[in-house]
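There are two complexes below, and they share subunit A, which is joined by subunit B in the first and by subunit C in the second.
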Partner chain A sequence: MSDTVATGAVKTKRESTLGYLLPALLLIAFFFIVPVLMLLMRSVLEPEVGLQNYEALLGSTTYLRVFLNTFMVASIVTLVSIVIGYPVAWLLAIMPERWSRIVLAIIVLSMWTNLLARTYAWMVLLQRTGVINKTLMGLGLIDTPLALVNNLVGVTIGMTYIMLPFVILPLMGVIRTIDPAILRAAALCGAGKMQCFLRVLLPLSLPGIAAGALMVFVMSLGYFVTPALLGGTSNMMLAELVAQFVQSLVDWGMGGAAALVLLVVTLVLYAVQLRYFNPARGK
Partner chain B sequence: MKYKIAIALLSASFCFSNSVAAQDMVFTSWGGTTQDAQKTYWADPFTAESKVAVTQDGPTDYGKIKAMVEAGNVTWDVVDVEGDYAVQAGNAGLLEKLDFSVIDKSKLDPRFVTDYSVGSFYYSFVIGCNKDAVEACPQTWADLFDTQKFPGKRAFYKWSAPGVVEAALLADGVPADKLYPLDLDRAFKKLDTIKADIVWWDSGAQSQQLLASAEAPFGSFWNGRLTALAETGVTVETSWTNNITAADSLVVPKGAKNKDAAMKFIAQATSDAAQAQFATATGYAPVNLDSNTLMDAELRKSLPDMQADTQVNADMTYWAEHRDEIGTRWYAWQAK
Partner chain C sequence: MLLDFDKLGGLKTFLVALVVLVSLFLILPIVFIAALSFGSSQWLIFPPPSWTFKWYQDLFVDPRWLYSALTSLKIAAIVTVLSVVIGFLAALGLDRGRFAGRDFLRALFLTPMILPVVVLAVALYALFLKLGLAGTTIAFVIAHLLIALPFSIISIGNALAGFDRSIEDAAILCGANPWEARLRVTVPAIRHGIFGAAIFSFLASWDEVVLAIFMASPTLQTLPVKIWTTLRQDLTPVIAAASTLLIAFTILLMIVAALFRKGRKA
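Our next item is the complex of A and B:
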């Protein structure tokens, strides 16, 4: 994590401690990597050796729609999370520490609450007869209930809520490292508030935005619970498709193929992040 | 993920604490009020009598059954599965043959008995309606598919299983005795007409929530869930017209470690008394033909087996043969 130049002594120390990692690595290899590989192998072995599962998967407009939908949902959630999370992160960074600790605790606490419970809570809030619709109708703002759940709106709200901490935390870290003197200097040089934000603060916090965005995007790609509960069947995402193949249709070849496509996309994105947005490399 | 690990650890510790019993077996079902009743009326008396402790697990997962059998490490001894799956899995070699010297099949409803499975309980897809939320309730499948006469959201079972396809065809005017082989093109065309108004439920508890909150004021439901909902004070109207029956089955996965106990458990669970008590508690019908005499006559009127005159039997053998084909099409249609 440190940006300091690694000296020779530090390096050897790091290498000699690598041995301590071995038990954890072995554990992950045996109980995670091997089973995943076995499922992925099935995609080219079942029902017979060949690429027929990939042909079926990539050749069908239905499944392509699921892929597109997955990317669309992940993109929307990422965008909304940044737009909402940025001001929060900024505020947290400039707040007196006493207060920022409390706000931070609230944000982190929400992450520790059971995911299912949180998602069901949204269901109750958003449904046609839910609190939000009843309030809006009671106030006379709408005549018929808004469709807030079992569609893209529901998925976006539910997932953005869950992803927000993953944007706020890295962003806050980056914004805190920005020297307030730079902003003062910009203002002294005649920059307006907007200019200060757009040309100084935003570019300097870009690594934080990139880190948060990528984390949210990649996590959203494989998300299951929230889209399954808050989305409609026409907003199906890839993880649901995998579950359907594995559990309902008991077609593990297709399930493995869909999982591999998801994995490849995720790894490519991760590689892109390492290449272009690695904060440790100073960009 | 964290809570899953916690659950795994918890259940692991239960396993250890239970291992003092001479012999354990595991019963797996779908959770909720149904499995609670299965535990109370099947498993607990079985344990009291045989001293075999029964660990409850769930929910039923066909992917897991396949994985266990293939890996040769089967931890489930008796599983409650859908009837069409039981037939298909039996043919695919995933199940043990049942021992009918232990299980007395002469008393069991023959519609649900195969070499590999016996009925667990049977239920009907019926038209349920929250009377407080709407002025008029749909009475037939045609009504439920009529968005002009009955505007609003309607709830349907999300998974590909006997029930919804049949309902669509009945609504479109196919006579009940001419349903099979299913005309899927016609069924999906009919389903297209209400697709935008469908809210899918994927579990019994969710179906109750949708109806009680009037998120979907009517729809197709398992009859037992409506009975349970009515008991909580919701004004539920049930229409039995052309109720579509399907059954759950009890099966033993191939290679189950406690096969003998599993057979005895099934014998106990399908006995007339156990079936009568379970039916009384859940509103599902017993699969034991002798159970009826043990039950309250008034209560029996609300069970599917008393609605036989207008009943449509889902063809499990047809479904077992075409399960994958229908399923693939079903999910593709849903995702469109």
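Our next item is the complex of A and C:
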């Protein structure tokens, strides 16, 4: 009997299901798909029809340096985040809950803290007269203040600070699903700590590492605020270039072209993530 | 062995030390900013020579700060309501619908979240310039709604997936019409998902910088835009004061969320 009831209810709902999706669909269509397509169109229509914007973008060493720098910053931030984040996630996955709770609260608090507030903190900490330089000079480690801001060092520190939680939290989840008995078995069979780590723990957590790395890499590629505030003019990133074309130069053709490059790279990496690292698809 | 906390041996010291260092790395800048906001030094010398409320006074005396905070609040409130309502409908449609392209639609709804936000910002800016909406509240709301909606769809969608639909059907059997059943049975049952959607939507708008920079006009700015434009000029301690208030607000929201979660378990 319950079967007939359920099908009856489904039937009345099935007719209106598409209606529920309509508001979200309209919003996405008119204010997401249409404007993004319009922007991309402008890259081949302005100032005249053709690919001259892309030729200018890909043919000039100035812009090539922006591309290289974007990939370099994203790679460094990803690498540092994984190297630091992995051991933290590892310990968090196995330490007593009363301690891991405190660390998790700190991680979540930092994640939820306003992005500008966090970036501002690093601008102040890293400046020439900032605490870090003062401390290093006080300890006698350096004689003159180090340039820590408006360069690659500043961007790397500021972005790693933001990305670390995005590595730690998912990795912790992956390591928690690994059965400790497997590692006990490896140890029983005579594997040393190093061997256990390199040949059992690390391979088993590799899907998590890859997924986390890809996510941080993609997020870093399109980052705007932190590079703009902590980076220098000589190491501009792609998102800043897009903004600069539109805001300062009012060159919509070039802006659209740069946006397309960023968009394509992001979507390709996102597709790779969906194809190979989607937890819903299983391992 | 490597996954038994008590049997880590020498590794334990190393890992614990690293976790402590990373925790300090994550928390100290936030504490530092809060401390500096009460410091008397215009040049942000640390430790401060003396303590003062001057920067908070500056913040509250300047109507532009207050006005931008109110603007942020207004936009975030509208975005939260719209995001929860539209997100609820969309999540319901995705949960109940059995049609081709459902997975595609779900992915499409979530795309604004994974796209580089600067691309969306520039594209919307161009559109709103054409429509004559640049620098209006409507422009802000639409832009923020796009990035808040995925949070609502995920949060409410997860709650709906865990909800036993036969309870809703039972209400209909007992004579309720479908919407009555949904509002009086389904909505209360998935309230934690709706609450999560509201908090994330609010924060998505309240903290958002990049879209806001492009949507703003000299007369209409949200708090993050005001901080951004001030920050580009100098590192005044007034920003430390504004940041500290934002951090306090965040902690408050976290506590509310935690209490809500506790209430759900009890």
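Everything below uses one rule, namely that the second predicted complex is superposed on the first by the 252 of 283 C-alpha atoms of A that agree within 3 Å, B and C clash if a C-alpha of one lies under 4 Å from a C-alpha of the other, contacts with A are read in each partner's own complex, and residues count from 1 in each chain.
We adopt the following convention: a residue touches a chain if its C-beta (ideal position, glycine included) is under 8 Å from a C-beta of that chain, and two chains touch if they have at least 3 such contacts.
Predicted, not measured: the structure shown is a model, and the values here were computed from it.
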When subunit B and subunit C are modelled together on subunit A, clash or fit: clash
First, second, both or neither for A:Pro180, with subunit B first and subunit C second: second
First (subunit B), second (subunit C), both or neither touched by A:Met38: second
First, second, both or neither for A:Asn114, with subunit B first and subunit C second: both
Partner chain in contact with A:Val218 - subunit B first, subunit C second, else both or neither: second
Subunit B versus subunit C as contact partner of A:Thr129, first or second or both or neither: both
Contacts of A:Val242 with subunit B and subunit C, given as first, second, both or neither: second
Partner chain in contact with A:Pro87 - subunit B first, subunit C second, else both or neither: second
More subunit A residues in contact [subunit B versus subunit C]: C
First, second, both or neither for A:Thr233, with subunit B first and subunit C second: first
Stretch of subunit C, among 148-156, 166-174 or 202-210, that runs into subunit B once the two complexes are superposed: 202-210
Interface residues of subunit A shared between complexes with subunit B and subunit C: 114-116, 127, 129-130, 246-247, 252
Subunit A - residues contacting subunit C, complex: 2, 5-6, 9-10, 12-14, 17-21, 23-25, 27-28, 31-32, 34-36, 38-39, 42, 84, 87-88, 90-96, 102-103, 106-110, 112-118, 120-125, 127, 129-131, 134, 161, 164-165, 175, 178, 180, 183-184, 186-187, 193, 196-197, 200-201, 218, 221-225, 229, 239, 242-243, 246-247, 252, 255, 259, 262-263, 266, 270
Residues of subunit A defined as touching subunit B within the complex: 60, 62, 65-66, 114-116, 127-130, 150, 228, 232-234, 236, 241, 244, 246-252
Residue ranges of subunit C touching subunit A (in the complex, touch as defined): 1-5, 9, 11, 14-16, 18-19, 22-23, 25-27, 29-30, 32-33, 36, 43-46, 86-87, 89-90, 92-94, 96-99, 105, 108-109, 111-112, 114-127, 142-143, 145-146, 149, 153, 166, 168-169, 172-173, 178, 203, 207, 209-210, 214, 224, 227-228, 231-232, 235, 239-240, 243, 246-247, 250-251, 253-254
Residues of subunit B defined as touching subunit A within the complex: 3, 61-63, 66, 153, 158-160, 199-200, 202, 213-215, 324, 327-328, 331-332, 334-336
